[in-house]
Amino acid sequence: MIKALYCDRKSSTFHELHSVHAVKAKLQDPNVLLWIDLCDPNEEEIKHLATSFRLHPLAVEDALQEHQRPKIEEYQDFYFMVFYAVERGSKQNTIAFHEIDMFLNSHYLITVHKLPIAAFEEVEQRWTRNTKLLDAGIGILLYSFLDTVVDSYFPIIDTLVDEAEQIEDNLFERERPNRHLTIRLLSLRKEFLELRRIVTPQRDVLNTLTNRDNPLHENPQVDVYFRDIYDHITRLAETIDIYRDQLNSVMDTNLTIASNELNKVMRTMTAASIILMVDSLIAGIYGMNFDYMPELHFQWAYFVVLGFMGILTAILIAIFRTIHWL
Amino acid sequence: MIKALYCDRKSSTFHELHSVHAVKAKLQDPNVLLWIDLCDPNEEEIKHLATSFRLHPLAVEDALQEHQRPKIEEYQDFYFMVFYAVERGSKQNTIAFHEIDMFLNSHYLITVHKLPIAAFEEVEQRWTRNTKLLDAGIGILLYSFLDTVVDSYFPIIDTLVDEAEQIEDNLFERERPNRHLTIRLLSLRKEFLELRRIVTPQRDVLNTLTNRDNPLHENPQVDVYFRDIYDHITRLAETIDIYRDQLNSVMDTNLTIASNELNKVMRTMTAASIILMVDSLIAGIYGMNFDYMPELHFQWAYFVVLGFMGILTAILIAIFRTIHWL
Amino acid sequence: MIKALYCDRKSSTFHELHSVHAVKAKLQDPNVLLWIDLCDPNEEEIKHLATSFRLHPLAVEDALQEHQRPKIEEYQDFYFMVFYAVERGSKQNTIAFHEIDMFLNSHYLITVHKLPIAAFEEVEQRWTRNTKLLDAGIGILLYSFLDTVVDSYFPIIDTLVDEAEQIEDNLFERERPNRHLTIRLLSLRKEFLELRRIVTPQRDVLNTLTNRDNPLHENPQVDVYFRDIYDHITRLAETIDIYRDQLNSVMDTNLTIASNELNKVMRTMTAASIILMVDSLIAGIYGMNFDYMPELHFQWAYFVVLGFMGILTAILIAIFRTIHWL
Amino acid sequence: MIKALYCDRKSSTFHELHSVHAVKAKLQDPNVLLWIDLCDPNEEEIKHLATSFRLHPLAVEDALQEHQRPKIEEYQDFYFMVFYAVERGSKQNTIAFHEIDMFLNSHYLITVHKLPIAAFEEVEQRWTRNTKLLDAGIGILLYSFLDTVVDSYFPIIDTLVDEAEQIEDNLFERERPNRHLTIRLLSLRKEFLELRRIVTPQRDVLNTLTNRDNPLHENPQVDVYFRDIYDHITRLAETIDIYRDQLNSVMDTNLTIASNELNKVMRTMTAASIILMVDSLIAGIYGMNFDYMPELHFQWAYFVVLGFMGILTAILIAIFRTIHWL
Amino acid sequence: MIKALYCDRKSSTFHELHSVHAVKAKLQDPNVLLWIDLCDPNEEEIKHLATSFRLHPLAVEDALQEHQRPKIEEYQDFYFMVFYAVERGSKQNTIAFHEIDMFLNSHYLITVHKLPIAAFEEVEQRWTRNTKLLDAGIGILLYSFLDTVVDSYFPIIDTLVDEAEQIEDNLFERERPNRHLTIRLLSLRKEFLELRRIVTPQRDVLNTLTNRDNPLHENPQVDVYFRDIYDHITRLAETIDIYRDQLNSVMDTNLTIASNELNKVMRTMTAASIILMVDSLIAGIYGMNFDYMPELHFQWAYFVVLGFMGILTAILIAIFRTIHWL
């Protein structure tokens, strides 16, 4: 699906284009800013566009393949950029990344993506409303675009952070470490890892965009806008790194607590076994069948032995209490 | 709540301003240094200020949002800065960070924050007292301000360091590793992590401020003052890193000690079990009901067997002592 | 085995050469691009070539020795390059690296390798088909070559990634951690390590090749092609690093789960031992042979004791259930 | 306590100064090199000096406060430097750091410290003896000073290294890992950490001093001397890093050995328990009181059962030996 | 022991010198390249040399002291270099490093070392044979020297690598982790650490030597030779880093396997204990001496109980098999 929108900078008006020919015509007009959005295009659509806009075959090939890394590449008369939007996945606790490939120069922005992305409507609104900054050229459209995409990371990361904090709280509230918690830690850590793999190169892309010698910046005042997004994404990257680090600590703590728990269990077991085995031994001794065992014939011997067992048990319990084994 | 203070550099006198109009008037006077402090302002107050001071909408938006990272950003005719003051939190062992957003150029400093910050009175006193350095311009106000804020970190970090040292001492004094200690280690480590997340970018901000080509420095002699704060914050950052590292070692030590303890417990248990089970087996054997068990009928057999058990126990104890299992 | 192919840039035609003399003759012609491929050459063949092409003895020596690291070295009138192709090894889960040594300047490319490499046919086809870009000189042959080689890494890494994901899934699906899994983790990690040892310096080589002042680039348009391979290999390197990191987490998780499992086993054992030993102790007591044990003579005592044992067992089980030991 | 020493470069003679006025007088003479050493000065003494030498208040404040980090700071007409001397602490296995604050320019060196430092006598001797290099100015005094201080680190680090090696040897000599060793490891690691915190910034200070554009270097030949100290301190830093790394390995090894030991103990216990419980079960069976238990009445049954127990025990021992559990 | 060899570049001949006076005479001749090798010199010999060659006292002092780190230092008219040769130590599995101190400029190379080094004969042969490159000056002697020394590292590292691989194979072949393996891992890791401490700064030295503005390079063609050694030592450094990393993984794997083994042992023990204790409890019950225990008097009760025990045992074994505890 193709959607084309253009802005006539002279009249500060926005129009939609309905035919590819119209797009081609507008391409010549230096006062026109063009945004073409391709959602799940077939190969032919892209190839057609590539000839109209004289896009380099290598960039077009990258746009057709999935799983590019976030990047910005300068070609002779355009930039090729890869960026990722993020959404909550359909399964619980998963993140879905949407690759967006972009071709742009000072006259047009072409966005290519597989699935419809909700944030794009907001981008359109922000661009068409913000007529004050139109002399900033394509930069302001790119800003609206990237800012909207980057802001969509915050709720996702907040959810992960909440979950990380909750796992920690579980440990604080003396809940016993268990397999579920451990597995959840592992998968959380992986989600932070995946986010980092996307966010870090995206930060590099934004860093490139904030450089003043960037030809996309017709107007120096647009610089501060890109710096603003760069600042947001840096915050994202730092949050991710902090929680990855903290999750490692939680994992270590988890192991140490498990080890302490085991110590406690084993001390309990050792103490209980010794007490019970000692008592059993006494009972065993008086269960022997020797002919001559004088104690057996004392009248109160049985009760004396029972009492002795009780006292011995009490003493052993006291000892194990003192050394904190019980 | 707005509080406005200005310094007339000609007369070296300080005055408070009581109306916004007065602020606007003073803004024109090149001999005036202006400090406007907004505590928990509503949006309108900030917007009003933004128009008077022609602040860039992006910076204003950042000031309205919470959770910016410490930074300094240059705009056309002012700097936007985010810094954090720190206070002991209300709950035990917590740290409260107070975000302070600043707009400043060589004529004014605007500070925006949510809650009243105790340190601000000290800043005012330091600024108004230090009339000798007034020709250093706004820089000396900024120095008083940042120096006071950075110094407020030291007692907080000292408390954390004390706690870290105490946990270590606990380990040295042969206290048994336990869950409480482990959990405390985890939360301490997190507090150091949070401090680091704030302190490291603040150090970068101060590094920027010590650069000589900084336009805030009307007077080169103010450089050494910022370098001094930079030096303080570097010390903070190093202390944080050292204790984070050391807490990791403590965690490892904790685990290793738990493991050694478990070894000791299990050796005790194994030795005790074997001794008691061997004795029980002997008792069990002479508790069997075979018709023909000649030992049963020897007169002193019972005592011989008891003695044998005693000797066996003594021998086993001696053996386990030798191999340090008891 | 020597195979020589040359391209006449004037006529845009490709020919095979059959004698070494022909090669020497073509070497003088500035319109000829020459590709000489030596598969498992003997020392004499290389020495011969070295004299014809005036190759530096150090580079020749490197080409004769195995186990060079990926590199590009500039000599007076040629470059010496080492690159590795990768193939699935003959044993399960192994990777076979094939070292390829290259001598190249703007007129020729000499490739030297021990074993026949399947990808080379594809390289030949890509080169001979792509006549449009012939004015890009030897660069386009080198591009076809390196691109084909780098692309051969993707299926290999995908297999390793699949395996890593599967090990993770095993942990998620509550399978018990075992020795096999642990060993597989170790060997997977080593494979990622080996790949990294090859891929990282190869990325550096490609980085060198994308520098514009590279004399191999007769034509600036060939730059974007090398940048494209550089981008691919960067993706490889990042994938490797992410999975190495994640495998460490899996290893930690593995250990923590093992520790949790042990806790569970030991709690079960402690609970079961205590219950059974208590019951045994009671049985032992009534197995004693004292003359005067009044309970023994009560008619229903036996059943009362059995019932008592049952109730005690039930109570202990309930207690251990409550504290989650059973 | 103040001690002042000056060198008359014209006559190459050294003299002690006894009054502050004399110090002030000498300060004007361009041919004089002045060393003023203040041991535990009161605030007034420093303030007095500060006015005489026109020291910047910030540097003076730093000198009055303890716990500065090693640094060198350039002021308008002097350098402020912080360096640490090291001595064995009074308690066993502790290190005492002595902070030395220095003010210096090409005419004077002022050293300020809390406690008397033994090494200072050596510094004085080295300076006054080395008259050949007097035209190198204050640099040669600074060199004598820093070289002596840095050399004092070597015996301290050697002691720590010896201890680290000994802990390792303990592990090699099959000594059982224990709490004492673990605690010692932790405290050793901390001592290396503390040394590193001091040594690393001191290396940076020395790096600054080896820069040729350093105004303290009146004479280029003094460069090689500072490079020599820089080389020594780099060696210190490397030794520290290597042993910190190795101590981590020792800690890991310690844990793994503890874990292996536990395995051995538990295997022993399992094997012993099974054997003894099996024998006990047999004894228990023949201790039952059933009316009809034909075995009980066979004449040699008792010995047969005893023999059976013995054989069973032997078989079980053999089995457990085979699988290395005993 | 002093050995002096000189090369007359005019006649391309090599001669040995037998007196110190001869050395001094040759020193004036610009066409002479001089190699002086001092094995275990006394202080006087070095001092004598120092005066003849006007060596700087700091460099001479470094040459007299042991345990310098690998480095290259520029003095006014010579370079001072420290490099290490490596040999298999006398004890098994140890490495012996031989420090070689060098003074060199474009006319001479002086090598100082404690013990005779076997590789030096090869250096001499390579230098005297390679007359073609004599116009490369002292550089070619230095190349022969360093190349021979660096190549001597490969067999040493190969041995360590073999051992590391073998330890890994042990783990793969299901051998039980034990103390010996763990200790060997620790010492292997230390050997890699020691090698790294030597190899990394040596790489830096070689990097310095490959810089083109190096005055030792009279002839640009000698550059590629040093680059070749640099390449070799980089390979060494990478191999060391990879195996250090991998040994860490092996250590972790070792711990995890030990933990899994323990789980298996404890599961076995728990299962066996429960079965045997249940059977013992039954035997104990029928060993009680109550007057009225009707089962005791049933004729086949004994066999019924034995059978019941057998069935119960079988059931329990089946259950424990199902949950993989046996």
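In order of appearance the chains are A, B, C, D and E, and numbering begins at 1 in each one.
Assume a residue touches a chain if its C-beta (ideal position, glycine included) is under 8 Å from a C-beta of that chain, and two chains touch if they have at least 3 such contacts.
Keep in mind that what you see is a predicted model, and the values were worked out from it rather than measured.
> Could you work out how many touching-chain steps separate chain B from chain C at minimum?
Tracing touching chains, the least step count from chain B to chain C comes to 2.
> Measuring centre to centre with CA averages, how many angstrom lie between chain B and chain E?
40
> Where the centres are mean C-alpha positions, what is the separation of chain B from chain D, in Å?
The mean C-alpha positions of chain B and chain D differ by 25 Å.
> Mark out which residues of chain B touch at least two other chains, giving numbers and ranges.
As it turns out, chain B has residues touching two or more other chains at 255, 259, 261-262, 266, 269, 273, 277, 280, 284, 287-289, 293.
> Given the touch rule defined above, the chains close into a ring; going from chain C first to chain E, what order do they follow?
C, E, D, B, A
> Would you mind writing out the residues of chain E in touch with chain C in their complex?
Against chain C, chain E makes touches at 168, 171-172, 174, 221, 224-225, 227-228, 231, 234-235, 238, 242, 245-246, 249-250, 252-253, 255-257, 259-263, 266-267, 269-270, 273-274, 277-278, 280-281, 284-285, 287-293, 324-325.
> Looking at the complex, which residues from chain B come into contact with chain A?
Those residues of chain B that touch chain A are 56, 58, 62, 67-69, 71, 73, 75-76, 176-179, 182-183, 185-187, 189-190, 193-194, 197, 251, 254-255, 258-259, 261-262, 265-266, 268-269, 272-273, 276-277, 279-280, 283-284, 286-289, 293, 295-297, 299-302, 305-306, 309.
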